[in-house]
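Chain naming follows the written order as A, B and C, and within any one chain the residues start at number 1.
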Amino acid sequence: MTTLRQLTRPWRPMSYGFLDSSAKRELRRKLLKAIAIPGCQIPYASREVPMARGWGTGGLQVTLTLLKPSSVVKVIDQGADEGVNAVSIRHFLAKVSGARETIDTCEATIIQSRHRVPEEVMRNDQILVLQVPEPEPLRPVEHHISAARQMHADADYARLWLILYEQMVRTGRIMQATEYPSLVNGRYVMSPSPIPRWDVPKLHMAHHLTLLSAGREKRLYAVPPFTRVEPLAFCDVPYRVEDHAHLTCSRSGLNGYFMNEVPQDDGGSLFELSDSGLCQKALRRAAGEDVPIGPTWYRNGVM
Amino acid sequence: MNLIESPPFKRDLDAPKLNCTEPVLTMRSVSHRFGDVRALNNVDVTVYPGEVLGIVGESGSGKSTLLRMMNLEDIPDQGDYRLAIPGATQNLFALDRFARRMLRARHIGIVYQNPHLGLLMRNSSSGNVAERLLISGERRFSALRSRAREAFDASEFPLERMDAPPIELSGGMQQRVQLAKALALEPALLLLDEPTTGLDVSVQAMVLDTLKRLQRDRPITMVLVSHDLGVIRTMADRVIVMRRGRVVEEGLADQIFQDPQHAYTQSLVHAKL
Amino acid sequence: MSQPLLEVENLSKHFDVHHLDQRVFAFSDVSFRLFPGQFLLLRGCNGVGKSTLLRTLYRSYVPKHGHIWFDAVEGRIDLASAADVDITALRRRDIGFVTQFLVARPRVAADELVAEPLRLAGWPQDRALDEARRWLGEFGVKRELWRAYPTTFSGGEQQKVNLARALVLPQRLLLLDEPTASLDAGARHALIRRLGALKAQGVAMIGVFHHPEDVVELIDVQLTLAVKEMADVAE
């Protein structure tokens, strides 16, 4: 005779993956909706997680929903795997799900990130989760949220173009550094989170799924695999990424990637790879270890 | 007194015999209420290509409401509105909000009395013109610049100031920025809502001159709302006199001023200094 | 000359002055015909309605009864009941009105003012300006005034500009309301020369003149208006 005890699991202090199952169900539904309408912001009931708003709670909830014991997670903050925030999030994710931690882009199945898309090309079995502080690309031109939603519905993005126009008029070039407004699948303009211009082309027709989630603003949106992501640009003023192609990493010696500037006492600067995972792999390989490095989006600074 | 209700001489205003061109604007039986107030009561308007139609009337007569309807900003309770533009054969009041907005952006230019209504005050002036071109789908920066320059040229705005924000410009110059924005797409219809009210007399004269020159140099159709009869007299070919939401009189501008028929028009014209 | 250019039938005009509750009669039952190239002089004492008749024909005043048949290129049209757009079109093309006073606009130069009717008729700017300057010269406006603003001119000079503007475009019917008033002898002769030339081209004219002897050689027909009473309608 089966007993109730046999049919139920023993009591545990929290659900698998921290979030309760109804929260995860809601998130999954909203994620599916977001994938179905690429670039469209889907509202969701952002839950409390043991982390302050603004530190990546949106990305965390998405990752928690997707995790399973066989997952391999990588977390980057400012391109680095070993920042305090990145380490705490990674440990937390592993602890509540039993997933394995990694800093190797090629090994990870889920990569949660804030400011960067890794330099190594992501595969179709990988998911990129971007933490978004401000999901609304129209915020600088329309403070009224319902009016902004109406503008999205009308595909009324002239005011965003106007921002670019004004930058061209005042300085002769486009000044937008991060959160560069980009048209997804020819329909919705999204803010691709605080990734540099360098990383936006990586989302275009990518093999992997990108999920973007803002915890404080309670909005998530998605770029499904093989979806067009076109940064807004005038026909006669082409989109330009940062001029990092000629810089060389002072630690690994690699060049042609996005770099962090490290100011020196003499007033000069050194540069090092912004992608710390790639940098470490290059260092280990230089030390004679047999480390596989995946293909990169940029080669010699060219996409 | 009701004495002189001699019926006005019967004229079929809608049936020109010589001029075979279709009207640019046709409004029929437009009525609208704000609560208990009949803002517009069965108003008919026809505007022909290349003419300037003046609308006069005191505050609250419904003239600005009518202009907002022409600009498709508001929809009346009932009425029919047609513009002779390609692809728009139906009643424009029946269009959805988005279609109205696109039509307005593409085919109707407007200059408001208050430049804050028509302009982004902190963007550059040329950006204000560019916005309209961007809405219509222009994506070439060089074309935005050159078309903005043409529009500023037409509105007689000094080109070297075209990148200054309107907030740094004088009232007359702000009106010219609005005009340039309105002209940027060569609209089928240019609506002017008290465009010179509140300006110095000399500035007002200069803005009117620009409008007059525009009218002479290109086939532009204008509807001008003003309570200033002098402005209407200078500008308009035909005049509509409105009172309490109704059209009380309609006629050639010189006829309205020299031989007004309706008692209200007579008092209005005679009240002018 | 079989077809009259203008055929006026039983034309009447009165004014209803609402705040006085009064009807002011101007003229009634005026009928006449005018053929191309004919010059009709309107006669009658002051206040008899000569200018009123001109303005009624021009449709600045609303006719009350009767017909004004005009032989337009497109066919006969009754100016008394024609649509406003048609009147506007005819005024730009066929019917001119020459008043005693110039309606000048501030900051519009004399030559531009004169060129305006040509521009409206579709002339290119440079040709229109050339033609305008030719006529300013013809009427004796000094060359240095061509680019100046007529609002600052003396009455006589303004009237010359006015005549140049009114006569620059050959029309088919000219309504002349004392155009010779305040003109010096030179300009008066230029005007009469121009009117004679237009008449020879077939332009019909109806004129009111203080001194009809000025234009005596042009006159073909005369029409004398008689005085009407002012009637109080309330009675």
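Everything below uses one rule, namely that a contact is a pair of C-beta atoms (placed from the backbone, for glycine too) under 8 Å apart; a residue touches a chain by one contact, two chains touch by 3 or more.
Predicted, not measured: the structure shown is a model, and the values here were computed from it.
Visitor: Chains shared as neighbours by chain A and chain C?
Guide: The common neighbours are B.
Visitor: Return the chain whose centre of C-alpha atoms lies at maximal distance from the corresponding centre of chain C.
Guide: A
Visitor: Tell me the chain pair with the top count of C-beta pairs in contact.
Guide: Of all chain pairs, the one joined by the most C-beta contacts is B-C.
Visitor: Suppose every chain is reduced to the average of its Cα atoms; which one is closest to the average of all protein Cα atoms?
Guide: B
Visitor: Taking each chain's centre as the mean of its CA atoms, how far is chain A from chain C in angstrom?
Guide: Spacing between the chain centres: roughly 79 Å.
Visitor: Taking each chain's centre as the mean of its CA atoms, how far is chain A from chain B in angstrom?
Guide: Roughly 50 Å separates the two chain centres.
Visitor: Averaged over CA atoms, how far is the centre of chain B from the centre of chain C? Could you give it in whole Å?
Guide: Comparing mean C-alpha positions, chain C is 31 Å from chain B.
Visitor: Give the list of chain C residues in touch with chain B in this complex.
Guide: 15-19, 21, 23, 55, 59-64, 72, 74-75, 77, 80-90, 105-108, 116, 119-120, 125, 233-234
Visitor: Sort out for me which residues of chain B touch chain A in the complex.
Guide: Touch residues, chain B against chain A: 98, 101, 120, 123-124, 126-127, 130-131, 134-135, 139-142, 144, 163.
Visitor: Touching residues of chain B toward chain C in the complex: what are they?
Guide: 1, 3-4, 6, 8-19, 48, 51, 202, 205-206, 208-209, 212, 216-217, 234, 237-238, 250-252, 254-255, 258-259, 261-263, 266-267, 270
Visitor: Can you name the residues of chain A that touch chain B in the complex?
Guide: Chain A reaches chain B through residues 153-154, 156, 158-159, 161-162, 165-166, 168-170, 234-237.
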